[in-house]
Every structure is written in C-alpha cells, then in structure tokens.
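After this come two complexes, each holding subunit A, first together with subunit B and then together with subunit C.
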Partner chain A sequence: MSTPTSTSPPESARGGPVTSTKRRRISPTPWLLLIPGAVLYLLVFVVPQAGLLAQSISPDGVAVTTEHYEAVLGDRFALGIIWRSIWIAALVAAACAVLGFPLAYQLSRSTSRFKGLLVALTLFPLLTSAVIRTFGWQVIFYETGPISTFFSWFGADVTLIGSQAGVIIALTQVLLPFMVLTLQGVIRNIPVALEEAAQDLGDGPIAVFTRVLLPLSKGGLLGGSLLVFSLAISTYVTPALIGGARVQVVATTIYQQAISLVNYPRAAAFAVVLLVITGIVVLVQTRLLSGESAAARGSER
Partner chain B sequence: MSAIDPAAPAAAQGESPETELSIRGVTKRYGQVKAVDDLTLDIPRGSLTALLGPSGCGKTTTLRMLGGFVDSTEGQIHLRGHDIAGVPPHRRDTAMVFQHYALFPHMTVAGNLAYGLRRRKIGKRDRADRVGEMLELLGLSHLADRRPAALSGGQAQRVAVGRALILNPSVLLLDEPFSALDAQLRTSTRTELRRLQQELAITAVFVTHDQEEAMAIADQVAVMNDGRLEQVGTPQEIYENPATRFVAGFIGAANLLEGTVAETRRDAVIVTLSSGIAVSGTAGPGAVLALGAEAVVIVRPEDTTMSEPGTGILDATVETVSFLGSASELRLRTDDGTALSVRGPRSLATDHPRGSVRAVSWPTAATRILP
Partner chain C sequence: MNRSVRTTLRVTNTAIYVFLLAPLVIVAIASFGATSYLRFPPQGFTFEWFGRALSDGVYWSTFYTSLWVGVVSALAATVIGLLAAYALGRYRLRGSGLIGAFFLSPLIMPTLVFAVALLIFFATVWGPPGIWRLVAGHLVITIPYVIRTALPVIEQLDASLNEAAADLGASALTTARTITVPILAPTVLVSFGLAFLISFDELVLALFLAPPSAPTLPMQIYSNVQFGLDPTVGAVSTMLLVLTAAFMVVGQLITARFTPTVPSTTPQED
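Presenting the complex of A and B:
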C-alpha cells in the first residue's frame, strides 16, 4: 500500500526548493519485470472474465442478446440483491475503519516489547480460513447460542443467524485485519512530533485526532476501506453460512444461478455487474487517493 | 501581587521577579536510569538560554519537561512562579519548535501559522491579521499558500518558529533548531533567530549539542553531561572559567595537562606536571585544590605562543600543521608524550614546519587549574 501522506522531513531540508515533478528517464527493464505477473493475470483473470462476458451476452456463441442483463438490471428482486451487497460491503468497510483505526494506531505507536506479539495476534485470524471463522460465528449467533440467550434474559428476541446484521458483524471480524494492516503502515509514517506539535499549539486529544491524525491517514482509510469493500462485496462463504437464504447477496445469487439453476448466462451477467460495481468503486477511490497525495506533496504550485 | 489572590505564585523563595522559568531540583528517572539528575536552573525573562551537551546528556528530556511532554520524577518547574507540574502541553504557556519542525503537511504555510489560533477564542479576521503580520515578520508572505513539502529547510524552520511565536507564549522552546540545516544556512539562521528573539524580547530555551552555536547566540549557557548540570553562565564565563574538566574539554578546544598541586598561593596555584615542569595558573571557579592532589592545567590553544627551544614553559616537537585560512593550528608532542595544540596567525604554519622543536608558552592569567 502506498503511503501518500508520508511526512518524513522533506529532502528540501538541505537547501533550495524541491521540484516535486522531477522527471527521470525510465529504462525498459522494469517493464520486463511485469511479464510473469501479467501473464498469470491474463490466464487466470482476463481470459475467464472475457469468457463470462461472452456467455452473458451470447450464451450460444452465435446470437447476441441483452436478455440476461435485462433480467439482472430490470428486475426489482435482482436489483435489491445488488443494492444489499453494496450496502453490506459499505457498512462492513465503515465498521472496519471505526474499529480498525484505534487498534492500528495503538499498534503503530506502541513501544512495548510485546508489540510483535500484538501484531501477530491481530493477524492471527487470517491464518484460519474464513469458513472456520464463519462456523464459529454460526455457533455464537444460533437461536440457542449465547447472544440470543443473553438477550432473552431481557425479554428481547434477537436472532442474528439469517440476519443482515449477523452477516455484517461476521464479515467485519473476518476482514478487520486487512484494514488494520493498511492503516498501520500509514499511521507509522505520521511522525509523533506532529501530534505533539498539535498538542503544544493547544489541541486536546480529540482535536489532535480530527485536525491532524484523521486528515493524514485519509489515504490509509480510503485504501483500507477499498480493500475491505471489494473483499466484502465479493465474498460468498460468510453471507451463505450466516445469512442463508434470507440474506441474499450477489455472490450467493451467482452460486445459486450457476449451481442450483444451471443458468450460466444469468450467473455470468451477475458476475459482470459485480465486477463493474467493484471497478467503479476502485476508480473513485483511486481518484480520491491521488488527489490526496498530490495535496500532501504540495504540487498544486 | 495581592495576598488573597489564590493564583498568586506559590513560591517566592529566592526566585527573582526577573526569572521566567525556574527549574528546582528536577530529576527524571527511566527505570534505574537518571536521564536528568537534580537539575536546578533559573531562566531569566527575555533571555536566550542554551541547554548544551553531548547526546544523551538529558538536555532534550529537560526541554520536553519544560514543554509538558515528559513528567518529572522529582522536583518542580515554576513558570512565572506557578508550579506547572502535570499541566499538559495544550494548557501550558510554552511553545515548542520541534527538531524536524513538525509542520503539518496537509496544511499551507498560512494554515500552519494559524493552527494554534483556532483553539484560542480569536475571530476569523483577527486571525488572518495575525497570520499576515507573522508572515511579514518572517519574510514569508510570498509563501503563504505553499505546502511544507515545497519549502526549503530554512523556510520550514521559520514557519515552525512563527507557528510557535504567533501564540505569544511565555517561553519559546526549541529542540535542536538548526540541526536539520546545512552549515552555511545554520549560521545565518541562528543570527536571524537571535535577532527575532531580542526584538520580541521573548524568553527562549534551545537545546543544542553544538557548542559554537550555543556560544554564538545564547545569553546563558547551561552545560549538561550525564543528566547533571556541569556549569551555567554566560558564554564568556564558561569559556574563560570552565568549572569542570568536562566543560573545559567540551567548550572550545583546550590543552589539558595532568599534574599534582605543588603550592597554593593567594592568587595562584602551582602544579607540577608529570614531566616535572612547574606551571602556575589561577584556580577555576569553586575549585578546591589541596596540596599534593591531582590537578589539571587548562590552556586554550589560542593563548599559547611559540619560541626557540628552551625559552618557553615546555619544549615539544611539531607533529601536524593545519592551515585553516584565518588561522593556523599546530599539534605538538612533548618528550613524555603529552599532546599540545597551538593556534595562532597564518604565519605559524610556515614558521614552524613539521618535525621542528619549539618552546610553547602561555600567560599565567589565561591558565585555569581544576581538580
């Protein structure tokens, strides 16, 4: 993850103004280094994706039809599924940002000798598969599980299994490490002296956060949210196991169309729509990110 | 001051009204390590004080205690007579200039200057006026809309100073304010800072490891070593009358000649060097020199003169000759292996070639003897 808001003392400390747009001649060798990755990407992503696209607009390979897109984009129920996927992914990204920031901050500022252990603990969930973790949540969320039991003592009937809230909670836990990792890299690059300077100029802890930390980690928050959003919107296991039939999202619908209903063209159309949505989100966030780093470099002059 | 005023200064014991900041027996312990050990120092109003010492001597910790970033383990710090222990930085009437300036990269120069004003109840127009005045004072008006990344080191330093000064703090604290600048810029910047400090008559404390920097601009130099205050005084006092061997060696260049006290008179002390030569000088400030005790004779290289062998205090062989432009510096060694440094006019380099034997002399008045 790039750190557009890096604030290490400027090289300009040594003298004349820095021209931030120094152009260097790029040798062709770096392009050669891209080849292995590009080939893999082409074989396992671009080619199958093109196949999907082809199948969605021309199932028999001869006639072109928009029938399947009409079925996806023209149908209330299908649109509802797409909207729910976006909504869940956005909420998960927001929840990860809110929960991840304090954790990432503590981890990057900590001078404790247990710091390594703390970082490892944060990443530990990544070592277990999402399936296992989701099963864990299933046990916790079940009608007779601890959460429902707890609320039943107060006479409330709370069942998270098969609910959107359950999916969001479980996904947040599954994806939180990605947010923490991203944010940690960015916060580490914000010198502590900036926080001290803000304090020294009269800011209490909340003002230091809103006026210095937050604007300087915007890049990390955007990047982390992007990562979490893309993972959340395309995830299958957690919504399938926690949400079940009641919380249908695009990924579960694709599975249903392809495996249960053997309607490959419809599944392909859903997949393409999902890809386009994710693509738009990536584009918007990249645009925001580059604007951010340009501002930090002061290149508007 | 009214006696009923509850906010009346808590301690008037020996604290002169001219004292802005008073450090009383302050100790800072990190586990078993004493970063600052029983430091007592008064900082007069309107003065520029340098906390000088090698790295790890506790000078930065001291500055951070003054700023409220570090709590002292023992002792008190009084700002205009009020104990400021436990007062967090944002409620303290001190302003800090950080070592790498810590300018906010997401704000313009004007935004950085205005940062502290937003916290104080100052109207928008008034704020803009004060930023404008400060930009003018620092000669940065044309850079108001720049981001810190697009500033040179010297400009960034001025913004950092301005950002602190704009709040009219009682005390300006500067952490190695010149260390991030290149040598040439350092000299002009320090002169500029001194001019500004005197013009605004603000009390300022700066930390430095560069003795030349401290001597050049400070009214008062506090030399620290190993967490302790070695000596405090004007640059001239410290240079001419070092109180300890450490100060003598750290401030400027000095020849330190080991010997034993042979005789103590009312106005002079005579020390017999290991080579048997007797040297006289004045005892350093507060030095207790018992007969027969070990002592060190301190002679500044620029106080020495050279002559034909046998006509001076001791004879030595010229080992290296350095031509420095405005002066020359020679290194000599006596027969018993004592190294001597001599500084003098340019002609010195040509008159005393390497390998020649010369007598070295110095006036008694310029010689200090320390235990």
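Presenting the complex of A and C:
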C-alpha cells in the first residue's frame, strides 16, 4: 500500500500517437483498452467494497442497524483493541523515523561503489514474504532464544513473544524499508551545499541536523511516518504470529471475526473502522505531499 | 561532513542493517542446525531439514499451487494492466487523471480490508469457484504495480517512430512487432516479475480466499510456524530467500540493461 503517483501524462506526451493535425479526433480504441480492467475492478473491487459497507449496517439487506458499530465503538474491550492498534502503529512509525533517517541520509549522500548493494540490501526484505521475516523474529524472541538467553545472564526474565514490545520491534523491521525509500527521495533533493554552508558558518553536526536537515526533510518524515502508520495498523501476519492472543489488534480481530467466528457483520464493521482510520491518514498524507511539492516549486523560482 | 560524524553514522547504520537483516539471516543460519527445533545460535550442522523439505509432498503441492496462482495472476495482470496503461499513456482521454487514480486505488486500500470485502462478497453474493477467488483478488492488487511500472515508459514512447514506420509503408502490425513491442519488452518482463513475486508471496488474501483444499506455500508456512519452530520450515524459508534474491538480481539486470529508470518496487505488506 502506498500513495498512488500522479498518472496524468506530461503535457508534451498528451498528444498520443495521433499527429497534431488529428489531435482532436475521438478514437474508441483507448476506451476499449480500458474495458477489461474496468470490468474486473467493478466486479471484484468496487462492488465488494460497497457490499462490505452494506454488510456492516444491514446484514440481511432489509433492516438497517447500528448494532455492529455499537459493538465496535461502544464496547470498552473493542475500543481497547482499537486504541492499542493505534498506539502500536504510532510507536512503529516513530521508531521507523528514528532508524530510517540515518540510513536514508547515508544512502542518498553516498558516492560509494557499494551504494547499489546497500540499496539492494534495504529493498531485499521488502521483496521477501512477511511470513518469513516474522518467522525470523519468532526464532529470536522464543523463550529459549538469543534475546531471552542474553537477559537471563543478568538474571532478567524477558520473553518478547506474546508481548506488545515484540510486536513493535518486529513491525518496525518489517516496515523500515518503506520509511527509508520515502526519506531517501526527500534527502536527495536537499543540496549538500546547504549543509556545507552551515558548517562554514560554524554549525556543529548537531546544529546542521536540527537547523538544516530536519526542517528540510520534515515533510518526508511526516509522509513516511503516515505511510508506515497505515501499513502497521493494517498488517495482520506480524501481530498474529508475534503477539498472538495476548496482543489483540484490529487486524487480528477482523480475522478472528471473519474466519473463526464467521460473524461477517462484525468483521465488516471492524474493517470499515480500519478503513476510516487509514483513509484519514491517506488524506492527511496527500494534503501534506501536495503542500510540500507546491512549496518545493515555489522555492525553485 | 567531518570524520567523527562519518564514523558515528557508519556505526549506527551498520547496527540498523544488522537489525534489518537479522531475522532473514538468522532463519537461514538456524536452518542448518542439528536440533529438532530452530534455535540460534545453532548447534551442530546438517542438511537434513533441506532434505526433508524437498522430499515432503505438502511443500511441493503448495509450491505448485503458489506457482500456478502466481503465473496465472501475473499473466492476466500484465495483459490487463498494460492495456490500461497504454490507453492512459498514449491517448488524450477525458478524465485520464481520475481513471488513473481509480486504477491505482487498490494501493491505498489495506489488503486486509479488501480481503474481508471479497470474502463476504464471494460468500454471500457470487464467487468464481475455488482457487479462482484468490486469482481474482491477486489481479486487483497486482494490476496497480503493472500500471505504475509501465505507464512512465509508455508515456515516453516516441510517437514519431511509429509515424516514421507508417510513412515507410509498415502495416500497423509490423509497426507493433518491430517498434512498440521491442521497446516495451523489458517493461513487460519487469511488470510480470513484480506481479508474480507479489502474488507468490501474498498471504492475507490467500488466508481469506483460498480453498482449504488447495493452500498456497505462504499459507503452509504460516500454519506450520504457528505451532512451533520447525526446522523444515526454516529450510523452506531459506530456499525461498535464495530464490527471491536470484529474482531480484535478474530484475536488476533487466532494468539496468534496458531502461534508464528503475521502477518503484513497493510490494504490499501482509
């Protein structure tokens, strides 16, 4: 999941294959090319989403009820699950911002011949299945695994499997590449000359960071954090395998309601709530990004 | 950047890379351990778990299911996505911005929400039989990636090349065969590979839509890791990691050789 890039072709490419003299001719061909995709989307994307909404407010298709939203938003236990999910996702986003910045900074400033390898190493976890990555954390977090063994040397009993901290650590690793990718694009556009100028004027490394880099990459940090937040709150595998029944979040609850309990209306209501949360995040993100690019354009002139 | 800052950055980033790659590396190393459950650091050394994984019929049958779903979904997604991208990139269409946003919209929709919606829709209204439900779901989540990969390339296609071919007497078919297809071929390959990888690895839609009689490989791995740290699953994961790395290298080679720009690859999270 990520923000769709702009799809309108640049003005110069708009003419398409038709020559300038025939530019205005309306051809049926492009519309025919769009039909297979449009039919597919209508059948298995648009209509099912509408069905989801319908299922949550009117399971039998006749009477309208708010019962299932009351069970989600009016129930202390269910609300607790929602808040926990938001809290976990927020912490994961913050952790990704902190860890992602130095990595993205080095990747975008690097002139090393190993740069390609470093980028590939960052991307590689993204292309591997989330199940396998989470499986690795299970091995690390297990009761007799390396983390617990390490802490037992100091007499501490630490088991991260089944804990909120474990879910946060694993999710941070799973989603960190998204943050690095977002930040890399932003930092690359900050001229090195600005950092050098600040240094020449006597700024130390910390001042360069807080007064030059941070303000200029604020948009990227926020955008990346929002992306990671919405991915973290809707990821199922990691909380299911690391947190289990002890760390219930919205994603695992949806699965439980839909698959284990076959309570479709309840699952639908939870899903719509999740959709609204991520929808708000996407809205904020697009507002931010459009503001950001407008500001960037302004500063170029 | 002075020396001390550079050193600090290097040390910090090495630690972050360790964190990023640790789970993958640890699974790979631990799967060679001789104990009957995966542990790190491993004790002993054996290929036994790889042998067991390769001789286990369940892993093969689920692998074939994933392969079939991946190839069928990726083929269809590449065709449908390319047609749409061609229409959007080559023609001046009324509302093309809106149409493009519509085709990319599955990217901003949590896969989990989409999975529940499809599950309920297929269960209560209408649904294709068996594994085709999963293929339908995978089509919707992979088509946006095909469009996003192909659209910039199609927009850059030089219309004058086609006109020149036509002026020289080439038929539409010859023009397509000798000009458009060769230019688009690497994009098509990369789109197909990306769609295949996403579909092959995908778990959430599979959990909701695949028939219990035909689980996919990620489903099999998922159900096995729920019950403990089976070293055979570790061996399967390690082999998949190697396959993914090989796939990535091939993809990089294709993009590096044929196109100046690298398409953005940001697969969905499970």
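Annotations for the structure displayed:
By our rule, the second predicted complex is superposed on the first by the 238 of 301 C-alpha atoms of A that agree within 3 Å, B and C clash if a C-alpha of one lies under 4 Å from a C-alpha of the other, contacts with A are read in each partner's own complex, and residues count from 1 in each chain.
Keep in mind that, in the parts below, a contact is a pair of C-beta atoms (placed from the backbone, for glycine too) under 8 Å apart; a residue touches a chain by one contact, two chains touch by 3 or more.
Please read all numbers here as calculations on a predicted model, not as lab measurements.
Applying the stated contact rule after C-alpha superposition, one finds that A:247 touches neither subunit B nor subunit C.
After overlaying the two complexes on the shared chain, residue contacts for A:282 are found with subunit C alone; subunit B is out of touch.
Subunit A has more of its residues touched by C than by the other of subunit B and subunit C. In the superposition on chain A, contact is made by A:200 with subunit B only, not with subunit C.
By the touch criterion defined above, A:267 lies against subunit C but remains apart from subunit B after alignment on the C-alpha atoms of chain A.
Contacts of A:160 after superposition on the shared chain: neither subunit B nor subunit C is touched. On subunit A, the surface patch touched by subunit B in one complex and by subunit C in the other comprises residues 5, 7, 9-10, 13-18.
Those residues of subunit C whose C-beta lies close enough to touch subunit A in the complex are 1-2, 4-5, 9-10, 12-13, 16-17, 19-27, 30, 38-41, 79-81, 83-84, 86-93, 96-97, 99-114, 116-125, 136-137, 139-140, 143-144, 147-148, 151, 155-156, 159, 162-163, 197, 201, 203-204, 207-208, 218, 221-222, 225-226, 229, 233-234, 237, 240-241, 244-245, 247-248, 252, 264-270.
Of all residues in subunit B, only 67-69, 88-90, 92, 94-96, 98-106, 115-116, 119-120, 145-153, 156, 163-164, 167, 180-182, 185 touch subunit A in the complex they form.
For subunit A in complex with subunit C, the residues that touch the partner chain are 1-10, 13-19, 23, 27, 29-31, 33-34, 36-37, 40-41, 43-45, 47-49, 51-52, 55, 99, 102-103, 105-106, 109, 120-140, 142, 144-146, 170, 173-178, 181, 195, 205, 230-231, 234-237, 241, 251, 254-255, 258-259, 264, 267-268, 271-272, 274-275, 278, 282. Against subunit B, the residues of subunit A that register as touching in their complex are 5, 7, 9-10, 12-18, 20, 191, 193-194, 196-204, 207, 211-212, 215-216, 295-301.
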